[in-house]
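In what follows, subunit A forms one complex with subunit B and a second complex with subunit C.
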Partner chain A sequence: MTAKPRLAVFKFASCDGCQLSLLDCEDELLAVAGAVEIVHFAEATSRMEPGPYDIVLVEGSITTPDDAARIQDVRANARFLMTIGACATAGGIQSLRNWADHQEFLQAVYARPEYISSLATSTAIADHVPVDFELRGCPISRQQLLEVLVALIDGRKPQTPGHGVCLDCKRRGSVCITVARGVPCMGPLTQSGCGAICPAFDRGCYGCFGPAPQVQPRSLTGHLLEQGAPPRQLVQLLRNFNGFAPEFRGESERLISQQET
Partner chain B sequence: MPPWFLEKACLQDLLERLRDRGYAVIGPTISQEAICYDEIHTIDELPRGWTDVQQAGRYRLQRRADESLFGYVVGPHSWKRYLFPPQATLMTADRTDGGWSMQAPVEVPPRYAFLGVRACELAAIRIQDKVFLEGPYVDLVYQARRERCFVVAVNCTQAASTCFCTSMNTGPRCQAGFDLALTELPTGFLVECGSDAGSELLASLPVREPSAEELTAAESAREQAVHQIQRLMDTTNIREDLLTNLNHPRWQEAGERCLSCTNCTMVCPTCFCSSVNEVADLGADHVRRERVWDSCFNLDFSTMNGTPVRNNVASRYRQWLTHKLASWHDQFGSSGCVGCGRCITWCPVGIDLTEEVAAIRGDVR
Partner chain C sequence: MEPARTIQVKVLTRVEGEGALFVRLRNNIIEDVRLQIYEPPRFFEAFLCDRSLEEIPDITARICGICPVAYQMSSVHALEAALGIVISPEIRRLRRLLYCGEWIESHALHMHLLHAPDFLGYESGIAMAQDHKREVARGLRLKKHGNQLLDVLGGRAIHPVNVCVGGFYRAPRREDLTALIPDFEWGLEAAMAATRWVAGFDFPAFRQPCELVAVVHPDEYAMNEGRVTSSAGHSWPVDEYETAFAEEHVAHSTALQSRRVPGGTSYLTGPLARINLSRAQLSPAARRLADEIKFESPCQNPFKAIIARGLELVHAYEVALEILKTYRPPVPSRIPYLHRQGSGCAATEAPRGLLYNRYTVDATGQVTASRIVPPTAQNQRQIEQDLRDHLPGLLHLGDAEVALGCERLVRSYDPCISCSTHFLQLKLERS
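Up next, the complex of A and B:
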């Protein structure tokens, strides 16, 4: 990559939390600003230059016809397109609508639903355009974002570990809350990135960083069902910020179809 | 040397004499609803009157009918956390005008005194000594901690359903590898000495000769642990039986249950795998070489030249089990398993290696 790559940040359906991770870099922000030229970042600056861009960070999922068209335009102007966060990578918490009646929501929430133009689904960026790199998390990890940016600038492969949350629990000395207390936890199925925060504070993992490589959700849910966890609780556990990621989605749908039969 | 007797109230003296000698005392204490190993300052921090109830995939604390201080078996932590820490900086490098300047870490680790080391755990430390100290390369991080530590072992007087030390010939009686070894009785401890450092410390304690009744009581307390062990792993010819059955269908079945979550390897007191990463700051002017616990269950761990060698869960489970029970013999001259049962208890889906081995070998015979 040439010196001073042009960096742009685009937002789709999301809460802006992942973009804030970039602003939250505080100590490193000046160094980042020195290494790249930030030419489009609505959250931070009114300077908005047209493309093409060397590095594009995309936050959010596709939920409207306009956004479905806009992401094509963003892709056409991006040399390297990276999604940031669970919304962009897996559809986000708003993908819960994918299992519900979109029209019913519109009627219930809006006084004049005819003014609303939205899609029946919330889908990942990769369902619409090719994505060069996916950075997981709800929100993303600041350290991982910096690592990927530095690696891109240096022209090397980023070190973003693919192991599960359990390994981080063990490294930090957290006792397994599933084994010691019977608390259902997504840790064994979820990719690392947060440093295993929730189990250290007595809560099961919410799966914020999405499925770890080669996960087998059925083995875990089968064991938790045997231990007396209600199927409904396991479906809710799987349908969180990354509920529409294929591995989690497949298992929650299997649990529901099993209940119905 | 004949054993001595230490009154229960005088255990605090043992802690204080260790602290006088500059040791940080690490012992069992209740934390996060489990009995963990952490720094303790008084015997009030010990799990008095508590025990652990364990089965595959399940661990619970339970009240005892008595006031035993060491009336539990083994918990989620092992001493490896202190000897082979989960994270260690091996080196730092700074860019200077004259090139890179490399520094070894200057941190001097604490002198640890381990209180409550079980026989299976002594065996595990012995195995890690072989791995880290007796091969062609000495691990300096481990060596700095191991050479300065003091070991107070405690004989088990009960067993969990997950224990199988008798199958692995590692316990429950503490035979060697300790400075002092205790057997707990309702009124105090029978104390055996295993080293010069142990006898030096013992000389500073208010011990007396035990009565014949106390000696008998200690013997039967230790026997109780032996009788409570129900689990068996037949180790006869285990190396050949496993290594000549690498395509047994049971590996595939285990691979479908296994979450590849690494918990078994993390709680195992002998597993020693790690990864070394270079961690740079944004300008790449300051670099730390960090070592972290890693596991053969991670896909990245077997990645070579861009491709994972063990590209499915079943092959990683098989790698772990055959290394632990079979090829460990070729590499280190012993089994890598000490029969502590942690991998059975702390597997989130309760996979039991003794059951897997029995299934594979049952068909073989």
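Up next, the complex of A and C:
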């Protein structure tokens, strides 16, 4: 019998919600903890073993010079490195600073900006080191997290869907709120994983799982503009938790440059 | 002069977020105690400006994955104050139910997985489960109930999607809530058993009188509404909060530290503050249990916050059950409103303590200014003060034991460092 895989969790700039998803697997937590050795997971255990690790979950984005160095060290100690959540895969909500004046942000929040060491940008882990697998979502889906962990333990390929939220809405039987009520909804552009909860709660999707593969944001924004949605609202919809994901970023920048010309 | 001695715990574990602690001693005299929060700043208050006010509860939720509802509650109440929206009693009850879900999830997590291992000598709740399977499994089931309630009311447990300015996007169906009742009836009993269990732990003898601050309401154990009240005999309407409490930026922390004005002294928020200020308003089962386990009044031992969390867990179950049993969907589920220029603030009780929010909005519905004061930022200075007073009793021990003793004390506050911005490391220097 081979030894149990050594699992580690590392946090960068984030809210802790994605790593909490592991503890939120209440029914499976003890079984998971039995199938792997949790050797570094500061939020859950005082056990803090050095690498190398077989499976590393990385939460959060890179926003400080120290963290830019630390992720290199984490990568060097990781056999399989998986990013969990929108911060780690796209820079998170804090990537809004990427379009702003960082000094202005610092001064707005802190009385003594000279005490703070922070980068002008918030960037995804994959911008710094090679990533073996990305789990999307703000927060991630705990079912998807379990699926990936079980697949890794079993040595098979994880099955996580790549279709859009729109398809989940149809499966769920939710009425399309964009068609029926004209509510701007990111469902057509957003990757599945949440269970299409927002339209089921009578509101538009805000894209927390990030762009689905091969999306054409322009066709959706064009339609919504025709319906009378203000361009500013569409820019804000594109620029939230996954705003710096390339597809969303490109479209929000295009909308802004279009307004300026 | 003798050199200073340094003891270091690089990462404080079993807390939310990342931080450090620095202690310097010379000849066993404490020279410096600093709770260091190096959590990378995320600049929420800066980027909330220029966003539509309708987006604010979705964005502030992302300040903390463990208490997103608290951020949603404080922000919607503050925005409603700015817009002059008065919510219906039915919406108010539904928000109280949602908050119960978060208190249950957060308190059950902290009690069982984060804090109890300190008293029983384990590195984690998972390791503790090998010898205390029944208690850990019970705790996980309690935690799950809180998450199930958030799932039904908000679509998901972390960053729920149903809270909006004015109420809820959609009222939950009665049958979906009624279906939770049998689990919650089991949970009420189980929460009482869990509280009796933690009340039987060995607690370090440590008494720390300090100023306690919580939202207090005349008719109920406050969650979403009330006056900001201090054990020193003061109370303020929420819009005077900033006259009594100020934030200071210190070099060793990316979180701003709160202090009382005038005087600059520390104070404590959270479950111990709430129970000491509003014990008579706990639900009947929680009140009876507090008497049964002879929970002292006032309780001034920060390590006993785990018992206070247990009593609040019982309370949250009983309040939730009452709402679940009498629920009628609010009509409308959200109060309509018009945009207008204005400013408003609110304080609600997050699982970890008082959470203050203030916003200014313009006539087009954009936020133009925001201020967020999380519970851990307010408790930071008190934590440092408590460490200073607790340390002399530990100094006869070796470095590792001193470090562990300090970590245990810090953990008893259930610090939420992502909220305040985060990273704890214990570094102890002594000669």
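Of note:
Throughout what follows, the second predicted complex is superposed on the first by the 258 of 261 C-alpha atoms of A that agree within 3 Å, B and C clash if a C-alpha of one lies under 4 Å from a C-alpha of the other, contacts with A are read in each partner's own complex, and residues count from 1 in each chain.
By our rule, a residue touches a chain if its C-beta (ideal position, glycine included) is under 8 Å from a C-beta of that chain, and two chains touch if they have at least 3 such contacts.
All values reported here derive from a predicted model rather than from experimental measurement.
In the three-chain model built by superposing on subunit A, subunit B fits alongside subunit C with no clash. Of the two partner chains placed by superposition, only subunit B is touched by A:154; subunit C is not. Legend: residue contacts after superposition of the two complexes on their common chain; A:216 is shown touching subunit B, with no touch to subunit C. Aligning the two complexes via chain A yields an angle of 110° at the C-alpha centre of subunit A, spanning the centres of subunit B and subunit C, rounded to a multiple of 10. Of the two partner chains placed by the overlay, only subunit C lies in contact with A:12; subunit B stays clear of it. Using the contact criterion defined above for the overlaid structures, shared-chain residue A:26 touches subunit C, although it does not reach subunit B. Once the two complexes are laid over each other on the shared chain, residue contacts for A:138 go to subunit C alone; subunit B is not touched. After overlaying the two complexes on the shared chain, residue contacts for A:194 are found with subunit C alone; subunit B is out of touch. In the superposition on chain A, contact of A:94 is made with subunit C only, not with subunit B. With both complexes placed on chain A, subunit A has more residues touched by C than by the other of subunit B and subunit C. Put simply, the nearest alpha carbons of subunit B and subunit C end up 11 Å apart when the two models share chain A.
Against subunit A, in their complex, subunit C makes its touches with residues 11-18, 39-47, 49, 51-52, 55, 58-59, 62-66, 68, 109, 113-114, 117, 123-127, 129, 136-137, 140-141, 143-144, 147, 155-159, 161-162, 164, 169-170, 248-251, 254, 256, 407, 418. By the touch criterion stated above, subunit A contacts subunit C in their complex at residues 11-21, 23-24, 26-27, 29-30, 33, 38, 42-48, 63-64, 67, 92-94, 96-97, 100, 104-106, 108-112, 115-116, 118, 122, 138-139, 194-195, 197-198, 200-203, 206, 208, 233, 236, 240-241. Those residues of subunit B whose C-beta lies close enough to touch subunit A in the complex are 31-34, 36, 57-60, 76-77, 81, 86-87, 256-263, 266-267, 277, 280, 282-284, 292-295, 298-300, 312-313, 345-350. Residues of subunit A touching subunit B in their complex: 28, 31-32, 35, 146, 150, 154, 159, 161-164, 166-167, 170-182, 185, 187-189, 212-216, 219-220, 222-223, 227.
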